[in-house]
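Submitted below is the structure of interest, expressed as structure tokens.
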Amino acid sequence: MLYREAGDFKVSYQADQQTFPIRFDRLFFWALLASAYFVVPFFINDYWANAVLLPFLIYGVASIGLNILTGYCGQVSLGSGGFMAVGAYTCYKMMTAFPDLNLAFCILAGGVTTAIVGIMFGLPSLRIKGFYLAVVTLAAQFFLVWMFNKVPWFYNYSATGMISSPERTMFGYAITGPNATPAATYLFCLTFLVVLAFLGRNLTRGSVGRKWMAIRDMDIAAEIIGVNPLMAKITAFGVSSFYVGVAGAMIFSVYLGAVEVTEAFGIQKSFLLLFMIIIGGLGSILGSLVGAAFMVLMPVLLKNIMVNSFGWAIDIAAHFEFIIIGGLIVFFLIVEPHGLAQLWRIIKEKMRLWPFPH
Amino acid sequence: MVEFLYGIEVVINGLMAGVMYSLVALGFVLIFKASGIFNYAQGVMALFAAMTLVGVQEGQVPFAHLINSVFGTQYHHFGWHINAFVAIAVAALVMLLFAYLVERYILKHLVNQEPIILFMATIGLAYFMEGFGDLMWGSNIKTLDVGIPQGGNFWIEEKTAFLGGEDFYGFYLDTLDIYATVIAIILVSTLVLFSQYTKTGRALRAVADDHQAALSVGISLRRIWVIVWSIAGIVALVAGIMWGSKSGVQFSLSLIALKALPVLMLGGFTSIPGAIIGGLIIGIGEKLFEFLIGAPFLGGATENWFAYMLALLFLVFRPQGLFGEKIIERV
Amino acid sequence: MTVSQDAAVQETITPDGRTIGGVLMEMRNITLRFGGVVAIEDISFDIRQGEIRAIIGPNGAGKSSMLNVINGFYHPQDGEVWYKGAIRGPMRPHQIAAQGIARTFQNIALFHGMSTLDNIMTGRLTHMKTGMLSQSVWFGRAQREETENRAFAERIIDFLEIQSIRKTPVGRLPYGLQKRVELGRALAAEPSLLLLDEPMAGMNVEEKEDMSRFILDVNDEFGTTIALIEHDMGVVMDLADRVVVMDYGRKIGDGSPEEVRNNKAVIDAYLGVSSD
């Protein structure tokens, strides 16, 4: 068997702390990354970029963010849609106020602003726990969306109330606006995802991540062994909101190009992100990505099968999408709360022993 | 003077909206007390119940859209119109069946899970039901008419016009709201009496206090859950009828669940009087806020978030809600 | 620095040859109330450097509340806590943990979503100082710190003989092992004062013997001062250097195991009545 663990001994703690401790995983990961950078851009077209790849990459960032808060730190947030809007509108204001500013910087600024807003809404988490907190984050969701709708300064007094992103380039290639090519936008988003996933993985595997998980598993015990609950929760809210804000900024500037806040960042988006991490796996960076891929691919697949192959009406496919998502959420919570990532781990354990399970 | 009278009108209307919120919140409280589940699907249950009611009343063929797509047929209606009361009874039966299925296929498997997991499961349930309801009855906006009169109540308007002289035309109250208030009050009183004075009611309260202890004296948890979800289903049906008659049966109906959440934050999750008073506070509060501050200064539509902000502020200073008890933490 | 008034305490050598130093922690006239209920009433006692101090008493005597006062989870209405020769102001539990007080819990309070190793590593958190930025880059400072602390955690794992369950999620472990992991988590903090809340509750004789051995070894090898609550009188008499006896929130006895055993009030209130 190619895939095996036996004989793969670790002689240093560093080797044991690797993200992919098994050699085959490591090789697979590097091969995947290389082909994502050097193969995919040559074959990408508009359909694949817009229907599958861009949403996956961007929601991947957002779901890592939400997973940091919910999966690692145990604080459920239903305000992600509102936080994405903060990122989007900050990015928009930066892009229009400083036309010479680099796009990546505008997007990061969106992340930073969102982090600050997220921390503000996270402050009550010290006193409010569990689903009480989840409901409080709904306050953020509704208030923020209302604010972006009602305060014209945010959308530069445009008549439609929409914001649309002007053309910006990176290294001479258009990333936003009508002239952007699928390959350029894809590589731009891919880089953001790779970097942010790397940072997220590092944060969650070290002492910061352990503080978050301690708070998640038992906050009182965590405080007694020396975790400052306020700091742990606030950093989780801050980091998580940063990711979500960056994703919001990218959805607006790179993916959609023009958004209307209630439609693009409504409460459905908050739920969508929550579903991604439940299905993918709470408390797992890999799970966040798997969940994002699943939630992006499933509607596309359903539409292809039901509408294009069977010739059914589009709305039937949409209803089935709801049924399947809802059913899967319940299924995963009952059967495997750690989601697809855990299923994958179990399969790997089985494979490791194959073909001699005893 | 006239300003003041309009203010009173706003308060009265807020009070009636508050009664509706209380009604939905009541469904939450019942389930939460008996099973520790924060049932996000309550709103979708109301939508589903209202859809079923309309569907039965109008003689719609269930899953018509899907069947027609698959078999190329053209079924839409059975071609009958059923009496509203019969239709309500059928819809109620469907909600009872629903309660049974939820217990059988979901709750049973989630015993002893953390509250937050249960909460997320009900979000999943809400999605499932929304898709299922749309597939079964179609997602178009439907009008629901079970014979409750609607529109401004002229009698009240005429009788109160004298209060404000020339410029005041009397209080404008919707007849439907008045009916809804009366029905909600009857429903709430019935539920309170039921939980205080019947054997099942006592069992319900026992389960609410302590699952383990209730089990050990021979109360069947599963039976209680079915009962509770059935009651919540009936409450959802009533709420669905009221809201559906008012603004049509459509997706936004399911959002009343979101309106009820802050009510619970204020009133506490386990207190029936809390749900009612919390509902009234929020109903009046959001209408007054919109009237005095929202519409003149903030561009309106503050009702979307006012309740949540109020609940947030409130929670920061009194996390246990109005009627909850202070929690002593232990290790 | 204010010096404790009981500076007169001399170093003493125990019969088994350990050195017991000056006063490490002193509780003075502690009173703790919950509403109208008095959990602890005017209790004073001290814990000396290097000793094993037991707190015993019937259920509801206020023993766990006492530990909670020591590590700052409860704040007493009256009284002073002196630690390392200085009076302790109002502090949050995590600040007190940073001062070198670690504990285990009566009902195991492990982090169930993590492995044994990760749980023990959380004990090292008070020693890990790298900021979020270096953490997020990982390579360099964060990795170095992680590796150093991992080495320490591995020493604890060796000491407690739990190498084989290093990567097992703690939720899957049997009760006795969970207790051991929890002890490991507290030890990983290298505490000056270790609080054990019923470390042997619910264990069988063999497990109790193991745990007793670990407690003695910890005290002996690392010189850690230990304060423990225990119900098993045999264990207490064997382990403890000195014993505080509590009943209904009051202190009714204090001294060596022999003294306590022969104390009339203790026999009446606890040993004589309770047939535990």
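First chain written, first letter: the chains are A, B and C, and each begins at residue 1.
Here is the rule we use: contacts are C-beta pairs under 8 Å (C-beta built on N, C-alpha and C of every residue); 3 or more make two chains touch, one makes a residue touch a chain.
Keep in mind that what you see is a predicted model, and the values were worked out from it rather than measured.
Engineer: A-B versus A-C: which interface comes out with more C-beta contact pairs?
Structural biologist: More C-beta contacts join the chains of A-B.
Engineer: Taking all protein C-alpha atoms shown, work out their mean, then name the chain whose own C-alpha mean is nearest to it.
Structural biologist: Centre-most chain by C-alpha means: A.
Engineer: Could you please state the distance in Å, as a whole number, between where the Cα atoms of chain B are centred and where those of chain C are centred?
Structural biologist: Distance between chain centres, rounded to whole Å: 51 Å.
Engineer: Which integer distance in Å separates the CA centroid of chain A from that of chain B?
Structural biologist: 33
Engineer: Averaging over Cα atoms per chain, report the distance between chain A and chain C in Å.
Structural biologist: The mean C-alpha positions of chain A and chain C differ by 42 Å.
Engineer: Going by the touch rule set out above, which residues of chain C reach two or more other chains?
Structural biologist: 73, 105, 109 - these are the residues of chain C that touch more than one other chain.
Engineer: Would you please write down the residue numbers of chain A that are in contact with two or more other chains?
Structural biologist: Each of 220-221, 224 in chain A touches at least two other chains.
Engineer: What parts of chain B, by residue number, touch at least two of the other chains?
Structural biologist: 331
Engineer: Which chain A residues qualify as touching chain C in the complex?
Structural biologist: Listed in rising order, the residues of chain A that touch chain C are 12-14, 17, 199, 202-203, 205-208, 210-211, 213-214, 216-218, 220-229, 235, 239, 283.
Engineer: Please output the residues of chain A touching chain B within their complex, sorted ascending.
Structural biologist: For chain A paired with chain B, touching residues are 74, 76, 124, 127-128, 130-132, 134-136, 138-139, 142-143, 145-146, 149-151, 220-221, 224, 267, 271, 274-275, 278, 310-313, 315-316, 318-330, 333-334, 337.
Engineer: Taking the complex as given, what residues does chain C use to touch chain A?
Structural biologist: 71, 73, 92-94, 97-98, 102-103, 105, 109-114, 118, 121-126, 128, 130, 132, 135-138, 142-143, 145-147, 150-151, 154, 185-186, 189
Engineer: Which positions of chain B touch chain A when the two form their complex?
Structural biologist: 38, 65-66, 69-70, 106, 109-110, 113, 115-117, 119-121, 123-132, 134-135, 139, 258, 261-262, 264-265, 298-302, 304-305, 308-309, 311-312, 315-316, 319, 329, 331
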